[in-house]
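Consider the two complexes below, in which chain A is the common component and chain B and chain C are the respective partners.
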Partner chain A sequence: MRWSPLARSECRKVVTSKGTWILTVFIVLWGFRPTYAGWDAVGRNLTVGYVQIGVSLFLPVGALLLSYQSLIGERTTGSLKFLLGLPLTRTQVLWAKVTGRTLGIGAAIVVATFVLAVIGLLNHGMFDMLPFVGTLLATLVFVSVLVAIGICISTVTHRTVTAATTIFGYVLVTLFWSQIVTTIYTAVTGVPVDPYDAPASGPLFLALRLTPDGAYNVLTNWFLGVGNSTELFHIVYTKLAPGVSVNAFVVEAAFGGPGPWYLHPVGSILVLLVWLAVPLGLARRVFTRGDAI
Partner chain B sequence: MKRRDFVAAGTLSVVGLSGCLGDTEYRLTEIVADDSAGPLSVSGRLAVTDSTIEHPAELVLTLENTGDEPVRVRSYGVWPFGVLAVASSPTPDDETWKTTLFSQSYEATDRVEASRGGASMSMDGTPITKPLGVGETVSRRYELRGDDLSRAGTYYVAERFDGRASQFQTDNDWEMFTYRVRIEIEQKTRVPLQQR
Partner chain C sequence: MTDVDTAINVDGLTKQYGDVRVVESLNLTVKQGETYGFLGPNGAGKSTTIGLLLDYLRPTSGTMRVLGRDPRTEVVEVHERVGILPDRYGLYTDRSARQHVALVVETKGGSDDPKALLERVGLGDAVDQNAGTFSAGMEQRLALAMALVGEPELLILDEPFSGLDPHGVRLVREIVAEEAERGAAIFFSSHVLGQVELVCDRIGILHNGRLVAEGTLRELRDGAEVVADATMEDIFVELTDARVDEGGDKR
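Up next, the complex of A and B:
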């Protein structure tokens, strides 16, 4: 593969970056959160829950910040001319960038996951391997999705400040996604949405899980066996506990059962794959057809 | 602010928050029982001192008839102590927050309905009366969950339902069964890599 040296170079850049290891430390420190609700929800698999907690907050911002300058940075400094002078097609350059950055950030996330696993092992004992491996794999797919989005933004924008603003906008939209969805749902259907007692609406719940963050949480909650929701696992457990009222959208609470077939957690894999393919396709289209410099 | 300062401040903030974001765990350090009334004596023992996310602390209360005659003990819900709680005052009033003590015996009877945290709890109003022979002892184990506590400090065992305290009868008169059990509770420090 002629593009592998470029991918290795990208990976090395990420792995030797201080930001990558600050992200790793943040995920570990934020993720380690022993709670009574968490233990009641999943027992010793709380260790796996630590990964979900740490990754949910810091990985989206961290991975986007570590990827959004990959092309636009080279464009603004002029080093992209040398890159395009290599005997590689533009698609191969893009592929090498995505692969290298994904491997670099993925390596840091694997380190964070194993540090949390060791801490959890010492504190709570051995956890189940199936949810752990499933969550690790889901996290790596989540990394690749975020890198694809970051590189897509880096490709389609022409100024660093525009790219940074777009990243900021993406983070804000995903942060307030449930509010955005419920507002639109109420405007379209006229049905008010009370998160304490959400309506049993398939389209509403489907829309809530269309972001990469939401799909990741649905998938990892499925591995942990707590319920079908985009919320963190201990919130899902609390929502489903009898006699407790929490403002969270949980399929089992709203539908009194598993809900429509298209809300099955496996569908979240498809959502993540779409978020991987669409930004990559868009980036390739723009990078190969436009004026790269 | 320079970028280096910003990153350092952010890192220190997260480091400072780590561990604080987890729930507080407690350790019961001492249990002292005194002021038992009449022929009945109450003693307490800590069976499990740590109240952590993995398990509740456990204490065992023992009632002994130290008198010369058999005594009839009347309780509500479960015999002989009834449904108990801990409170920050030895004489809690209606305003004092009480943290329910759980017992396996609640599950063995349909006289007590208890939910986790004591948020919803009900008790049958029919008393249970049983005799306690001379020198006879009866022990009951109670659990204290850490997430039901709001802070460390000194707590006292109290009845969970006002007006439903246990009573005892020697001759023909029923008397209030008064005793005081004090529990010292401290916050358990959490070191991420602590060994068990």
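Up next, the complex of A and C:
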């Protein structure tokens, strides 16, 4: 493929960046969280849970920070003129950037996952391979989604400060997504939402899992077999434990069963794919139309 | 003249930003194997024209053919046969000169030796040096090495003498002569009028987005109402000064 040298170059740039390895260290240090709740929830698969914990907090911010300058930075410094002078279409330039950065950040995440796996193996013994592989694959898809979002922001904005502000806005919205959703839900339906005793509303639970972060947690909780929720695995387990009250939205707790079909965890794959396709499509549309510099 | 005979063929090219026409109804032809100097005062529209030829920018109206192809719809086919030295570019400060050239070689699917190309532009001692440590002149030499990858049929050089010391200027002039000797067409913009005079077969002068004069040095001299032994600088000043009042400043 003609664009593969550029993709390799992008990958090398990410892999040789200090930020990438700081992200890796943060994921490992934050992820390794041996708790009784975690052990009670998934036993030896607590090791897999470490990956979910570390990735959920640090990967979104880290991957976006490692991607948002990829195009606007080159436009600002003028190096984009060299890239656009290569025998590549603008779509191929964009594709090479997404692929290269995904592979670079993905490689760092694989390292973090395997470090956590070794730590978990030594501490708790052998874990199940199915949830481990499933979580690793979901994490890599999550990486590609975040890179696509970062590069989309980098493409559609014209100033670095605007791109950085947009990233900050995205992080804030996803961080407070459940509050945003419940506020809107209450305003529209007039039904107050108590997270300790959430209403059995399909649309409410569907909206909660529409962010990439929420979809990732739903998917990995499914692999871990703890329950259907956008919360971290040990919180889901605690919520479903008898006699415990926690402010978490868990499908089984609200519906007393699996809930409507569209809340099945498999749907989260579709959510992630939409988050991959829409930013890429938007970035391509903007980058291939009009002036590129 | 057919597409086969022309390296660049521009017809009625216009680029407008808001109400400002940066390039206006430009007609231009550069023949195969020709060295064409594209001159003009600051803001005349030279870099914009080059940006349009390379598909960095999209025209408001008009048509272009580069090596017989439309750079907008056939950018891959055009760029694999064209060597590009842009103006106001930036290098990757965390990569070596070799890595810069290698990226172009690999993308073009060529077999050029990056070291040999860097030696040709006088960077033989800095092949593995980080481009972030380069002086302006070294950066320009590296950019030229990248443009030379794959023995292009057409070299588009935007201000190739920029940032170069007299040795560098001479080197660029020699390389332009060598490439022309090889049969490549060369289209370059420059402010260094003395060098243009030395290397160009034909010269076009752009002013306020319009081509105000075009021809050999002799033809320009004849048309500019200057003395018989006038230099390129005399001709340039005469042609562009005479038209200052005809329009406002443009990019």
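In this text, the second predicted complex is superposed on the first by the 293 of 293 C-alpha atoms of A that agree within 3 Å, B and C clash if a C-alpha of one lies under 4 Å from a C-alpha of the other, contacts with A are read in each partner's own complex, and residues count from 1 in each chain.
The rule is simple: a contact is a pair of C-beta atoms (placed from the backbone, for glycine too) under 8 Å apart; a residue touches a chain by one contact, two chains touch by 3 or more.
Worth saying up front: this structure is predicted, and the values here are computed from it rather than measured.
K.L.:
Which term applies to chain B and chain C once both are placed on chain A by superposition, clash or fit?
P.N.:
Aligned on chain A, chain B and chain C fit with no clash.
K.L.:
I'd like to know which partner A:26 touches here: chain B for first, chain C for second, both or neither.
P.N.:
first
K.L.:
For A:122, select first, second, both or neither according to whether it touches chain B, chain C, the two together, or no partner.
P.N.:
In the superposition, A:122 contacts chain B only.
K.L.:
May I ask you to decide whether A:264 touches chain B, chain C, both, or neither, giving the answer as first, second, both or neither?
P.N.:
Once the two structures are laid over each other on A, A:264 reaches no partner at all.
K.L.:
Of the partners chain B and chain C, which touch A:85 in the superposed model: first, second, both, neither?
P.N.:
second
K.L.:
Of the partners chain B and chain C, which touch A:77 in the superposed model: first, second, both, neither?
P.N.:
Once the two structures are laid over each other on A, A:77 reaches chain C alone.
K.L.:
Kindly classify A:242 by the partners it touches after superposition: chain B alone (first), chain C alone (second), both, or neither?
P.N.:
A:242: touches chain B, not chain C.
K.L.:
Under the superposition described above, what is the C-alpha centre angle at chain A formed with chain B and chain C, rounded in steps of 10 degrees?
P.N.:
150
K.L.:
After superposing the two complexes, find the smallest distance in angstrom between C-alpha atoms of chain B and C-alpha atoms of chain C.
P.N.:
17
K.L.:
Identify the overlap between the chain B-contacting and the chain C-contacting residues of chain A.
P.N.:
none
K.L.:
Which part of chain A faces chain B closely enough to touch in the complex?
P.N.:
18, 22, 25-26, 29-30, 32-39, 46, 119, 122-124, 241-243
K.L.:
Give every residue of chain C touching chain A within the complex, in rising order.
P.N.:
Residue list for chain C touching chain A: 51, 54-58, 75-80, 84, 86, 88-92, 94, 99-100, 102-104, 106-109, 143, 146.
K.L.:
Taking the touch rule as given, give the residues of chain A at its contact with chain C in the complex, in rising order.
P.N.:
It is residues 2-3, 5-6, 9, 13, 16, 74, 77-79, 81-82, 84-90, 289-293 of chain A that touch chain C.
K.L.:
With touch defined as at the start, can you tell me which chain B residues reach chain A in the complex?
P.N.:
7, 10-11, 14-15, 17-19, 21-23, 25, 53-54, 115-116, 119-120, 145-147, 190, 192-196
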